[in-house]
């Protein structure tokens, strides 16, 4: 479904990604793991066009995305849940969800999508009129993911959903991700929590200092010495 | 511009009226220098990010306090001026203190000052029994029997006025330079860029800003006095209110408010524009020059925010750098 | 002195009615600032253009008043959108003060252009609404209508902002501009729509003011500074704050004008403003 071919990107004089190639097939869940500053967030931003790729090609379902303006990406079925949730803090939960369905194609299905998200996250229904900034960390993550789901995406990009959350909450978030994968969504998830995320996804890539160092199924990654030593502390 | 050039230029300027200019061109020169002085006073604040849209108030205070003092109480401008400056200082502090103490800058500050200039105009108009309202007022003439009265600060000779205003103009540039050089400037530059970062330095910053505001206001007020005594007529429109306040802003920006001579270039530019229009259209279509000012202010902000002189300086700097770049081995 | 003074009450009620239109003006300005983070110094001049538009459509072209007003509102809405697209947008990336100054240039331009185009004589659309009598007080019907329409306009804007997708996007963009593309929102389009809305509100205010006041090119100066003071007092960008501040200000103007001459009402309002600046500089409901 999604494929990156030799993508390079950066900010100003600083290059963050070097010649990155990866792919995500329909129905798969794929993780990108790696240390802080490896370029994982940059990777997602290139896919959702928040920044432009300097070289290489990004394609979605065979279609080249490099020239598509950033606000049209969601129309191609790519929904990005940004780092730190980035909810509209002063708007209510329901208003945040409504923003997720802003795209004309999603607006038509607003009512049924809202029902779907509330069914998936009953806690959101309870708090539908609550101001988003007052939700707990885990609830905010739920809301952010729900917002992305409102557009009926084909591909879901999750940027470190467990970041900044208490360990107990982290568990529930990964449970959530597992459920979403089971629902059939194609997911590309960027995470620092290697052990937990590899339990949830089919495949993973290791990104270090802007380059793909390793790739394989989750089982393979868990067995690899490199991963074990550097990221699992074994 | 190298130093000797500067002195030669000044000397030429100082001698110009003696070479026998007509009365009208001399009047234009005087007005250019007068407004240059006023615009420079504004720019002292403006370049530090303290953009005031209300300096018309200070202009008006200077003009009206002195003229009213003379007309109603026979108060010589020599006494009227300190009075006007005192009033100006009080108003400047009254507005400046809460703004800077509580870090009200940017939009808020601009709006507060804008309101100030309009209220000054309203008060002048409302006190119509004393000020003559919208019709304006003329200082009672002391020139019936004589060509110049020091007590009344009135002179019929344009030559004398030229040197007075020339001196003030130079003084304004000197003040500009002093403020520019003082250590405080470095701190203030930091503030105008990063309001939050400098917040910790609190009180002292506020005091510095207040100082700069005071200087700027007092200069403008003096400008108002000079205007009133030279023109021998003022009305609320020309010395207070939004119109003249914005004109000051435009003049300083068009010339380049980050450069010492920028406001002077701006004054020359605006006066030249008005004259060209007058000549081209044959008569005074008041409204056309301001329409063009407005249009040009918009265009200047969009395309030449550093003003004429500022942009010119950038071009010179780039041209000076280019030859060295070309000479470097690849 | 009598404790209950019917003329004082009249002044208070008239102040209330005046507050309605001032609140509408403040709403438009706050909307633009709250969403786009730009102050339209020329806001009152947009209203002035709207007033001239009503005059020309109704008195010169002979259209029925309701049509003239409708078209005038649309015209100023378009003017607002154009203002953003051609004047503000190029300087959005520059210093905030440049954005303010550029609208200052537009203020100059509109006032001067209006003088050129329409001349300095005062004009009036000649629609005279009676004064109503209630309990010994004379209340202007025009002002009452203005009050009700202004209130209606504000309710309309509130509903638009809270119930529609575009309205929600307008509220959202002021909180986090950067992620708007992720939701398929074209930020510039939202800004243009907001600007059109702000312009439309100015046009609406123009229709209400034209019923009560004469038109001349500098009329923007009579309520422009007041509007700014109201917005600053209520907390720049805060629509509720502006609403409340508008009524407070209107009372100062009305009651102050009753005690002394009307011009002094404005001076009182300004002195009150200065006092507030000392006490609560960020505005009643403002807060950074």
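By written order: A, B and C. Residues from 1 in each chain.
In the analysis below, contacts are C-beta pairs under 8 Å (C-beta built on N, C-alpha and C of every residue); 3 or more make two chains touch, one makes a residue touch a chain.
It should be emphasised that the depicted structure is a prediction, and the values quoted were computed from it without experimental measurement.
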**Report entry** Middle chain, criterion being Cα centroid separation
**Finding:** C
Query raised in the report: When the contacting C-beta pairs are counted for A-C and for B-C, which pair yields the higher total?
Result: B-C
Report task. Quick one: report the Å distance separating chain A from chain B, using the average Cα coordinate of each chain. Result -> 57
Requested in this report: Please compute the C-alpha centroid of chain A, do the same for chain C, then give the distance between them in whole Å.
Outcome: 44
**Report entry** Distance between the centres, which are taken as Cα means, of chain C and chain B, whole angstrom
**Finding:** 31
**Report entry** chain A to chain C touching residues, read off their complex
**Finding:** 48-50, 69-75, 79-80, 82, 86, 88-91, 95, 98-103, 106-107, 147, 151
Query raised in the report: Which bits of chain C are touching chain B when the two form their complex?
Result: 33, 39, 41, 87, 90-91, 94-98, 100-102, 104-113, 115-116, 221, 224-226, 228-229, 231-232, 236, 261, 263-264, 266-267, 270, 273-274, 277-278, 281-282
Query raised in the report: Taking the complex as given, what residues does chain B use to touch chain C?
Result: 49, 51, 53, 94-95, 97-99, 102, 104, 106-108, 110-112, 114-115, 118-119, 122-123, 125-126, 241-243, 246, 249-250, 253, 285-291, 293-298, 300-302, 305
Query raised in the report: Given the complex with chain A, which residues does chain C contribute to the contact?
Result: 165, 168-169, 171-172, 175-176, 178-187
